[in-house]
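Presented below are the structures under discussion, each in the form of structure tokens.
Shared between the two complexes below is subunit A, which has subunit B as its partner in the first and subunit C in the second.
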Partner chain A sequence: MPILSFSLNLDGVIRIHNAVQCLAKFSDTVSLEARSDRLTMSTLNSSKSAYASFALDSSTYFETYRYNDARLSDQSQEGPSRFTCQLYNKALSSVFKGRLGDMREKETAAERCEVAIQDDIDNTECRIVVKMICKHGVTKTYKLNYESTEIKHALFDRNSAKNKWRIDASVLRSFLEYFGTATEQLDMYAEDGRIAFTSYTEKVMHGREILKHPLETSVALDTLDFEEFSVEEKMHVAFSVKDFRAIVLHAETLKTNVQAYYSLPTKPIQLTYNENGVNCEFTLMTIGDYPGSSTKPAPISVRGSSATPTGGRPSRQASLQPTQSNTIRGVEEKQREAMPPPSQPASRSFPRAPQSQSGPGSFRPESLSQRTSRPSPPPPKASLDPESLFLPAEDDDRQWDETNYEDEEDILGWDASGNHKASALQKLQTAPEEASRYESLPAWPEDSDRRIAPTQRLAEIETLFSQG
Partner chain B sequence: MRFKAAIRNIHTFTKLTGSLLLLSKVVWIRLDNDQVRFTVIPERGSQVWAVLSIDSIFEDYSVHSNTPGNTIHLQVSLTHLNRALRSAINATFASIRLTKKDGIPLLAITITTTTFASLRRPPTLEGLNERRLPSEAPNSTSRAEVDRGNDDSISFQDHPPAPFPSDRETTITQSVAATVLPPQSVASIHEPTCREPDVHILLPPLLQLKAISERFTKLALPTSSAATGDENLSTRLILSASPYGEFRIGVQTAACKIESKWQGLTNPELDPTQIEGGEEGVREHASTRQKNLTREEAWATVRVEGRDWGRVLGVGRLGGRVVACKSPDPFFEK
Partner chain C sequence: MDSVHHDANPLFTAVSGPVRHLFQLLRCIAFATKAQVRITPEGIRFTVEESRVVQGVAFLEKSLFTSYNYAPPTSSQTDDTAVFQISLAALLETLQILLVNEIKDRWASRDPAYGGMMGALGRGGRPAAFGNRVLGMPGVCRLSYAAKGEPLCVVLEEGGVTTSCEMVTYEPEDQEEIPFQRDALTLKIIMRSTWLHDAVNELSSTSPSRLTMAASPSAPYLVLSSKGPLGSAAVEFSKDQQLLETFQVPKRTVNTYKYSLIKAATRAMSLASKVCIRGDEQGVLSLQFMIEVEDVGVHFIDFRFVPFLPEEGEDDLESDDEMS
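Right after this comes the complex of A and B.
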């Protein structure tokens, strides 16, 4: 009897693929946590500076979802039972492939997916069994090994995060096109009704190396562009631009609004969005300077949440805080119940000494304990990213770039664009007297009907030559 | 030392940096009162010495320097400059200035755009109705005009559908690290002097020429198994031009000999005012002598390295007319 079994339609499979892709950018393992009401995929990166989770709602996300907690009910007294395990991201991503929904492979596309997690003390075969039911009666079955572990979830107290904003993911996505490829940090700074997102790199270079200093990009936009905006001004908060990129790229696939909650620099920031039964939460560590001591915070710039393009007058609506996004908070509170409570009362501002928390479910961002320390993500290699983020070649500018001569694809390239219909072929014919200079070569076909098509394979040219 | 300008022609500037980027990663920019010069001198391959009049890419241009001739020499990464400029493609306004941050000189490109407005959700129903009302009237009048057989459709143009009202602007600032070169360090760098060209000719469409050149280069390259990525392997393309409007490109290997020929191209005439010696100089010019030769004799031929030539042809993205001057070194002007 599997402890968990569920089935998904194709759309659900693709969205799991997107989530797995996103998690892969944080860490090479994925933690699964199954409960009766949801399945959570999460990961914590190796420097423990970033945590990502995707909670799939059992009633809306899945076609069927059955969590059989009979085995665990007698053991766990601490709350609702849960099943946790960990497996390699690569294993999951090789099952939930991106091409499953690809129209080009329509013939082999999966139609639905059934997953069963078998976990039985008496059974040596503890596996996650994924069945992809494809067209033409093909069923692909994958059996994945997993490791049974305790999962660490990041704790984030939204009540103490007094800065928040919400914005369309596509706006954030458009930032990515401007950011340089090698930058490391993303700084947020609000002032005078505008907020600047600056991607920068800390490295100090000298001499000729200065020219290699990555591009520093600052995007400043009006706070009215946000659906909701309530942020303390004149405070620098920075986090990893690589994590931001991973999050925004995923958020854009769901075409949703991204919401951010944060308090102070060196305290975590949480980015969340919630769409179609997927609740995505990312908790990232921040760095930055806080002007003066924290006892006298700068004024908070608050804007009404009803952001119409014309009438977003500034107003203090600090009381908004408890009323909004009850569903999200509800989920989180349940989550907190299930975990050992932190050793400090939750009503205090954000836990000041993360080291003192020792519960297995608590987030222990070791790199956060000192203000000066900062997460050190590996330099992103975005230029090699297959899902490249940068300006698409709208005006086929790439055709002017250098040809890759090692490219094995052997295609005659001229006039393949079709843009030069008039000019491209008119002067290509070899004049008759010139053709005679090359006895070994056939004359260029003079007849316009037999003119060589703009694109042809090398093999076709060879047959042409042998005829001559 | 100050430099500030509005970028008038973002498209040209971006394409220029894009084509220079193919040849080298670093560009030397020379700014003075009259000209902007972009020079790339790669370790191997073709050099580019581009001279632009200021108003071809900038306006409201100001340069202040203590050096004689009020000249600023900068060195910047083309990769970063090109990336920075590419984010300005949809800009409503862009400017460039030289600043300093933490002791590092920076070329700061400030871009103002309203494109984010279009990304936002469609306007509310209210907004739509407001928008429709004013455009309703001109539509009906112009339809009436069409009925009367009046093909004056300007009334459409007078009332284009107003973009959704949004006066909110997004400012993007791209900071490109730069080094300021002291005048003495560049004093010894001179543009190579070329022999007087034998033939001037307007090349055929560059995209076409580029595709054929690359095709020839690829055919003449040793098979990939033998090449194993050896960069030193080179292919010589043979370029010939005549004062009779003909241009040939060819390649010869042990296995094959291929040639393409264009006819009916234009040989631009020399402008006596630009030539030393005026009319007399034109008469004495090498290209004039070449014209007196017969059709068969008048070919001027150069050999170029195929890959390098392909990179040089990347300049075609600027869309200008190209004059090739056939002399021992190919030299291009837009």
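Right after this comes the complex of A and C.
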């Protein structure tokens, strides 16, 4: 008995395709969450700075929808029953293709789609089974592998978001093309009945070489163009252009109004729209600074965090420490450019700092308010920055070594915990119990609390030599 | 170019009709760089093979040419005087010189009936008012092969511009055809090629290495399936008359082929109108594509595939349902 089964008509298939395509621009995995009243497809990007979700309403979106949780007895204490899993976006997008191509494709296009999720402890093969039923009795059956996992949703408190606007997606779409493809951030700034959307890239220098040319495009809209507009003036809020573009392109396919909610820079912004049983929500992290001239005083913590003294557009150059070597700075700068600052600074705790505040970060933007101040781009700690391409030399050599299979198991465990930010860095980290396993072996004498174990056991080295 | 023309009668000369017919047919089998060419009195046969497990054959019939002269020396009784190898990629590139202009003519005509390259093989729309085709000067391609060991000359003429190319010919290889027992067929299915094309494309979603074809006299009649790291996919065909024109499967057969090789035939699949799928007792798969060429009639492109040896327990994918 499948835990979830539903069927769709062609239109539903195409709209799922559009949603999956949009999700692909955020991350290469998709999380599914099925409940009795809705099916949610969501994703969190790898820097945990953007979250996208599409909730399909069970009664209006689907032709039939049956959620049947046989495991209900085990989970009844955990609130409403739900089924969660994660799979590759590529798998979904190859199944839910846009089947509206030319005439040749039309002939072979699907007419109906039936999906069943088989998930049962006694079942040897748990799969998402998608059946596309086409003309002349052609049936295409896909069985997709998935990973059963807990999924993370971004939390967003609309009550605390004082600024909101709503506008037709086609208006946003029409000025999207003015934003250069090389630009990275989109800044919103409202003043005197107009709101300016400015896409920009900052100049990146590496020595004398210019890695990125500065570029800025500004589009100003009259606030009368908005269906609803209530935004605090003279405040810069910036987020990723790429994410914004993905959202607007999708919103336009639904021909609907996009609603934005936000409060302050460095707090998340939510863009949302609703159409025909699809509820789309995007939560993006913002950067920017709060003007001193504003009538409303900013919370101390946030104000302190906006390090830029000029009150202009957030400038990351200002926060760079001049003591660092040029090499590192170039890389640092580039990486920061590529994404808005993550919701938690250095979210992956580095072993040297055992007092570090949190483990692999869950995306809970509202928790920011409890946290103490943080510069909107965190000041780079060049020698230790886990994001840096250039890792400290003593850490470096371990990742090139042969895989130690005992360690490997630990790493896999981390992945399953939903932290799919598997980077080389995680291999460098040493779990405490693992470190103790090696305690008898010599550690780095000058830096014993870092606890990087030797890369290989002596026993293994001996066998290597004896074979040679 | 005159330097290569011998005073004696060349072994073979031909003047083509519209070049794009040659181009389209040859492109269908362009999955490897070299092709073996055999010139016969009835036409030119191009054979391309890879690893001896897949073979594609395009036969350019005499009817594709406006003039066709093959004069085998009467003295030699063997038939291998006009057999050689040639770089197919280079030949296609050469033919494309003429095609480029043709496509330009198309665009000039701004006929919405042309959906880009889709129109390349038919529905011939109206050409530009002073296009070369209207003025009676379509691009012409002359082929000549003087004698064994000589290069193959391709001379393209269009609107007073002559381009001549000499293509090195290579020693022929001893090419054995993939044996196919026509008298021991286990399946014969004729269907619209679009459906096969769609099914093969559909399976690519799993990035498979193998494609399994199962045919059986009872439902499910014809199933193409594949498995990959992301999951499995299967396309099942019913026995609808609209779908499978001919369906002769006396008993259930399951064979597995290398997916990337089947992929080599996709260009032919997309171009053809019909496909005849045949399998023999040893599992060798023959795909015969019928390609309609405007004003000339139908042409056939043949593919043959050698199957994987059947392994224990890999019988079929669709029986997974019963197992689970």
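One rule holds in what follows: the second predicted complex is superposed on the first by the 275 of 468 C-alpha atoms of A that agree within 3 Å, B and C clash if a C-alpha of one lies under 4 Å from a C-alpha of the other, contacts with A are read in each partner's own complex, and residues count from 1 in each chain.
In the analysis below, a contact is a pair of C-beta atoms (placed from the backbone, for glycine too) under 8 Å apart; a residue touches a chain by one contact, two chains touch by 3 or more.
The structure presented is a predicted model; accordingly, all values stated were derived computationally and were not measured.
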For A:224 in the superposed arrangement: first (subunit B), second (subunit C), both or neither? first
Please work out whether A:114 is in contact with subunit B alone, subunit C alone, both, or neither, and reply first, second, both or neither. neither
Partner chain in contact with A:37 - subunit B first, subunit C second, else both or neither: neither
For the three-chain arrangement built by superposition, which of subunit B and subunit C touches the greater number of subunit A residues? B
For A:168 in the superposed arrangement: first (subunit B), second (subunit C), both or neither? first
Would you check which partner chain A:191 touches, where first means subunit B only, second means subunit C only, and both and neither mean what they say? neither
Just to be sure I read the superposition right, which of the two partners does A:142 touch: subunit B = first, subunit C = second, or both, or neither? second
So in the superposed three-chain picture, is A:57 touching just subunit B, just subunit C, both, or none of them (first/second/both/neither)? neither
Which subunit A residues come up in both lists, the one for subunit B and the one for subunit C? none
Taking the touch rule as given, give the residues of subunit A at its contact with subunit B in the complex, in rising order. 168, 170-171, 174, 177-178, 180-181, 194, 204-205, 208, 210-222, 224-225, 308-310, 390-391, 394, 397, 399-403, 405-406, 408, 412-417, 419-420, 423-424, 427-428, 430-431, 434, 438, 440-441
Under the touch definition given earlier, write down the residues of subunit B that touch subunit A in their complex. 15, 18-19, 22, 26, 75-77, 80, 83-84, 86-87, 89, 102, 104, 106, 115-117, 119-121, 123-124, 127, 164-166, 168-179, 204-205, 207-208, 210-212, 214-215, 217-218, 221, 224, 227, 229, 257-264, 307, 310-311, 313-317
Contacts from subunit C onto subunit A in the complex sit at residues 115, 118, 194-195, 198-199, 202, 204-206, 229-240, 242-243, 270, 320, 323-324
Across the complex, what residues on subunit A touch subunit C? 87-88, 90-91, 94-95, 102, 104-105, 107-108, 118, 123-125, 127-128, 136-145
